[in-house]
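Here's the structure we're looking at; comments come further down.
All chains are identified by letter, namely A, B, C and D, in their written order; residue positions are counted from 1 within each chain.
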Amino acid sequence: MRILAFSASLRRGSLNGRLIALAVEAARRAGAEVDLADFHEFAMPSYDADVQALGMPPGADAFSKRIEAAQGLIISSPEYNYSMPGHLKNAIDWISRRRPNPLRGRSALLLSASNSPAGGIRGLWQLRIPLEGNGVFVFPDMFWLSSAESAFTPEGAFIDPKRATGLDALVASYLRAGAALAT
Amino acid sequence: MRILAFSASLRRGSLNGRLIALAVEAARRAGAEVDLADFHEFAMPSYDADVQALGMPPGADAFSKRIEAAQGLIISSPEYNYSMPGHLKNAIDWISRRRPNPLRGRSALLLSASNSPAGGIRGLWQLRIPLEGNGVFVFPDMFWLSSAESAFTPEGAFIDPKRATGLDALVASYLRAGAALAT
Amino acid sequence: MRILAFSASLRRGSLNGRLIALAVEAARRAGAEVDLADFHEFAMPSYDADVQALGMPPGADAFSKRIEAAQGLIISSPEYNYSMPGHLKNAIDWISRRRPNPLRGRSALLLSASNSPAGGIRGLWQLRIPLEGNGVFVFPDMFWLSSAESAFTPEGAFIDPKRATGLDALVASYLRAGAALAT
Amino acid sequence: MRILAFSASLRRGSLNGRLIALAVEAARRAGAEVDLADFHEFAMPSYDADVQALGMPPGADAFSKRIEAAQGLIISSPEYNYSMPGHLKNAIDWISRRRPNPLRGRSALLLSASNSPAGGIRGLWQLRIPLEGNGVFVFPDMFWLSSAESAFTPEGAFIDPKRATGLDALVASYLRAGAALAT
């Protein structure tokens, strides 16, 4: 299965960047072909129909094409203000105007890392909405890493082996479902 | 009561721009002092903690100051993908990092215009979340204008007088509650 | 594919009862084996851990077993107060305590009929949450029938043939995805 | 200010029952007149328009009258399946049919106790929706007690004095806002 993976945090060295790296390793071990994108590659202006009339911004075009080349998405997204990051929603707002809609029919697995005890899970519930509204099969189970600052070894692995096992199992379950849906 | 009002649509001539104009008139008739902003004044990059480390972007600063000068907000926001516009959420993400938080303790009234039969109301429910999470008293009742393209006269008034009466009553109720909370 | 279908409205002759009947016909035409339940069969008290300690109520047991005998669910649910009906949530609260959880790994298609212009869609978005939280693959697309009182012929068919075609296509898409996930 | 307070958990000795007891003490210390109800007093069947046609169930009547006698609500609600308890929603479904709507114009403060690290906060966000949709001013800040089983002394006080101070301050803030809105 071909996967596009990215962290929706723009900060260098972000917790979600570390988490997506582990998810990508898990997906590759499970046989997936993974394209790991840096969300900076998809820089785009705020959605504005007047700007759209002049053509899709290159960042939105790039995001659409990377999604179209994949069958599923693995996204690690921070929670901002009890919801998804505005810039991730803005990217969805742009690509949802493309025809055919690049999101429709694809599947997605959502992860979040956070230093809060709730681990970003509230933001993921809000992120499901625009994805599902655009026809994405969002895997029911999600992964949230609470107290994330102290969760990684210096090499970027999970300190707690149960977390590693849990992420591996979740990624493998998602890939099985995503592959079934992709056929 | 001092109100900051804006449409969260960036498109010139947008339906939400027309709706906020009517809400501003209603608020002024009810005795409020209204600052009607153009959201283009608050242009800002995507939230990124690395950028924040270099200082608040001028657009976020401007947005914060206009909010701080007011006691309440009237926002007319389009619904994008069953949720709020990404760029409005991004603006909230930036200003929520300012200390003291400019949103905390203020009140807000939410409106939406849309050509869909649901009139943008689903987006407003999602918009409540980051506002309330930042300590904003969001007025329980909201106003959604469905089939908005055919709702206005060429001069920008509502064709249906019941809508005018309804918006007037809602704005007046909100202002009473907002004034009570502001003291 | 084996489907359990039900309307979550308890009123005799309800709009959701009429809608689920059409969905059941569509599913049978598409080759599914459908068990159409009357939600009155699943009468159960309010969830209370003290009552649970005395044993699962027969209605919760019956609901669990009917779900376990199926691979997927088709639910037509009214919207009450911008969310799902309390008694449907109560039924989910009971069965989610059973081990193994009868919902986990199953799929679901959500429909709603309403006389309001929004057609119950807000309630379905809230209903996704406890289902997905229990591991149900909720099909991304949903069906909402607005102005439902005037949507049916006296024989219970859709007056508008486009609605019939739309429901047929949606049910068939769901069954394809559900069958893929069930294997 | 007159307050109706209750825990939405039906279990004897529940964590939310312990939390509401502390909130009631805080509200009384702040000068409120508090009616602490036991939710068992409001037992009622599942909402069904056919049953409603025969008259409001006594439990729904009792719930409405206790709300009408108050100016605000303090509710401590468990989270069930990432949302509010079904029986609490069912009670809202019933009373929302009464005219005038007993909820409209009142205010509410929401609390939750849970053994999970997220402390029930996801359920409270879902509970805001039917309350706000019925015209309740839900206080923006909410209180969630995580790891609640180990949070109380044998006498039912908070072990951690910061939690006591936090709850006191929140209740007092809510009462100030609620009193302003009630006039």
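Assume a contact is a pair of C-beta atoms (placed from the backbone, for glycine too) under 8 Å apart; a residue touches a chain by one contact, two chains touch by 3 or more.
This one's a predicted model, so the numbers in the text were calculated from it and none came from an experiment.
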Exercise for the section: Sort out for me whether A-C or A-D is joined by the greater number of C-beta contact pairs. Expected result: A-C
Practice task
Could you tell me which chain lies farthest from subunit B when each chain's centre is the average position of its Cα atoms?
Solution key: C
Exercise for the section: Return the distance between the CA-based centres of subunit A and subunit C, expressed in whole Å. Expected result: 29
Completion exercise
So, in whole Å, the Cα centroid of subunit A is separated from that of subunit D by 36
Practice task
Would you pick out the residues of subunit D that each touch at least 2 other chains?
Solution key: 82, 125, 129, 133-134
Problem - subunit B partner contacts - residues on subunit D that touch it in the complex - result: 125, 128-129, 131-141, 177, 180-181, 183
Problem - subunit A partner contacts - residues on subunit D that touch it in the complex - result: 82, 117-119, 121-122, 125, 146
Problem - List of subunit D residues in touch with subunit C within their complex - result: 10-12, 14, 43, 46-51, 80-93, 96, 126, 129-130, 133-134
